[in-house]
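You will see two complexes here that share subunit A, one where it goes with subunit B and one where it goes with subunit C.
On to the complex of A and B.
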């Protein structure tokens, strides 16, 4: 079992990555940040990630497409969706397609950390790592 | 120096939807409508029938007078016959006397009979011709006088043919003259009877023709006026249906029953206009409602950035370098500005404001509208392109209302497209001179041809129940009409829909604009 949780974060808003990278690194995550979902897809093909955090509404490739792509590659990777406009329909679609959770913007870094902790637990990481 | 404002189109006159302005205007128009002298259809009908009635009365009275006159003339002719008979009888006796010396007394008797008949009918004779009547009277008197002389001569028995001779010739002369005059009088009367009878023969024909003409005239005149009024009202309803709510103003000199209808129309127009304004406003709110997904997304992003940055500051304040702190504070300010501009943009559109007509750059206006809907389009996954022809003239109009039209067309396009949706907007000079065109083209589901004629009708919607109000295109149509423009659509089911909005440009030549 690895020590660090491998996290990939995609959001076309640069500030999201800038703020979340240190916030997640702090709790023992190895974070890679992408603004361009296409670049992120390339990286996913290269490397297996434990958790992927993705915005839903992005140009070119949206979060749902990314989710589908990830699950084709590796079923166990947990995908956490974040969205600026959370409708029930969207949440249902994301969950039906196997998203681990869905977080509505605006959120606090701790909100994401909690969800990541749950995901890590589900993946079999020790609780204290992400406390 | 030419003042450009005098060259600008004046279509904005019917543009005022402000109720405070409209009320006194309508009252003035009502007063002008009612102040005209009345010439109602009821009056026209009564006049027509009275005319017919008086014509009938004239014909009847005329006939009665004519019959009376014929009767009088017949009386005269009969009397004249009897008089002539007596005169001729007297002359036959007179002849006998001169030939055989007999019947002189009979002649005198007949002559005095004639005298009695004449004096009985003297008035009739005098009426026809006073001179001739006098002639007859004179001749008869002379005749009788001469006969009287003969009777005296006969009694004396002093047979003096020499004395009889001049009496005889005078007697003949007066007798012949009397008969001649009486006969000519009688013939004259007979002629006039014939003339009257002839007239009587023709009167029914003339009367029928006159009746026919009057009836045709009255019917045609009334029907023509009636139809003209009706057609005017029909035209008015068409005009209203096309979105022109300007009241009916008096055109003719007189008022009639239709004036009341016109006034009722104006009242109705006032109501429609007020409701239309309310409808445009409520549709605007509905359009804003349709923007929620986009607006929420657009606003939540900067708020999220602020939230994350603020929390990072709170958590790591002490560990952060000054450079990092500054970067984060700048992020906070920029993201707050971003939220402000989103809200401002939306409020600018949503704010209830009076209709103002101002010069507008259509390209800028369309771009601003796209900005309003940008995130909504992004949410739907569609792509939008805009191409604006350079150096376009301005248009004149209400910025908010026109934005509402384009927003509605864009949102309709967003609703119509499915996968790989593309929206293309072109702003250019229209093919018809003096107009600018905005084409909104989407590659969506298209409009089925069977509903095409109804898409601009109020409350008609092709969308699912609860999704569309059926007001969007109807309101857009009304707004474009109000600006003196036109809105057209071409579509092929399953392929594309293209809405084209034509708006009149303010054709002020560049050199005048510069002054």
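On to the complex of A and C.
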């Protein structure tokens, strides 16, 4: 098992990546941030990430499409959806399509860290890897 | 926290209770119905019979918005929401599912039966004519609709409020097993898995119901929304009162477990625009 958790974060609002990258790096994740979901898809095709954190409402490629793409490429990767437009229907759609979790914005970086820790544990990372 | 909930609401004579108990037993969940009324009675120091009347009697124009009725209903909702937050349950009854509207990990089920079967069962049970039995069943259905309208402002028999509707009359008179299996397999679908968003919705609902129950004596028309410990309140009681009283009001709310921040609005439109959460 690797020492570091490979995380890809995609959100078309730069502030989200800027805020979350240091919070996740601090707990032992290697984080790659993308504002353009199409660029994120290219990177996903090149590399298998452990965890992908994606916004849902994005132009060109939305988070649900990204989730479907990831699961076509890899059964390993856990996908965490973040959205400012959470509804019962959207949560159900994301979970039905295999999302690991869905978090409504705004949230604290510690909220995401908790979910990342759960996803890492589900992947078999030791608890000390995410601390 | 990962808590699964199934709510089952039923018509009279549709085997709902039996099905709810079987689902709970197979899943290892608790089957909850009137037990919560007893909990609410104990917790809020109200006679159980008064609470039972609140959920069973059809509200009349005179008592629909009576202070007692609203108070008792607020207590019941607070206990039901709290129970749903903390336990894996199959809730059988009418009170549960409208409270958790919008919570994605709750499977909201309704069991119905053919009218002719229900009338036949009423005839057998009460030894009465078909005409009389028909009138009784129709009156009971009407009572259920009126109750839902008065308490939640919705027609609780409307299919749009449910994820799954099963007509037991269509799957064989004795075949409750099919209904049980259908509910269990539906509840097991990924879309009903608890997630951070849905659990937060449940927590918000439970806190809002709790705050409303505590404040209902002060204002029976009080409206409450919560979002991760922030509580938003609409009440007219503070409109003409002093700032000092306003602060005392906020301090009282801050004492409630889980409340981190309070905002009080005396204008409903502002409340609706700014209040977050559930």
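Note that the second predicted complex is superposed on the first by the 131 of 131 C-alpha atoms of A that agree within 3 Å, B and C clash if a C-alpha of one lies under 4 Å from a C-alpha of the other, contacts with A are read in each partner's own complex, and residues count from 1 in each chain.
We adopt the following convention: a contact is a pair of C-beta atoms (placed from the backbone, for glycine too) under 8 Å apart; a residue touches a chain by one contact, two chains touch by 3 or more.
As the structure is a prediction and not an experimental result, all values here were calculated from the model.
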Touching A:102 in the superposition: subunit B (first), subunit C (second), both, neither? second
May I ask you to decide whether A:88 touches subunit B, subunit C, both, or neither, giving the answer as first, second, both or neither? second
In the overlay, answer first, second, both or neither for which of subunit B and subunit C A:28 touches. neither
Subunit B versus subunit C as contact partner of A:115, first or second or both or neither: second
First (subunit B), second (subunit C), both or neither touched by A:15: first
Touch test for A:62: subunit B only (first), subunit C only (second), both, or neither? first
Which subunit A residues contact subunit B in one complex and subunit C in the other? 87, 104
Residues on subunit B engaged by subunit A in the complex (per definition of touch): 293-294, 296-301, 303-309, 311-312, 315-316, 331, 335, 378-379, 381
Per the touch rule, the subunit A residues reaching subunit B in their complex are 13, 15-16, 18-20, 22-23, 57, 59, 62, 83-85, 87, 104-110
In the complex formed with subunit A, which residues of subunit C make contact? 101-104, 189-193, 195-198, 200
Subunit A to subunit C touching residues, read off their complex: 86-89, 91-96, 98-99, 101-104, 111, 115
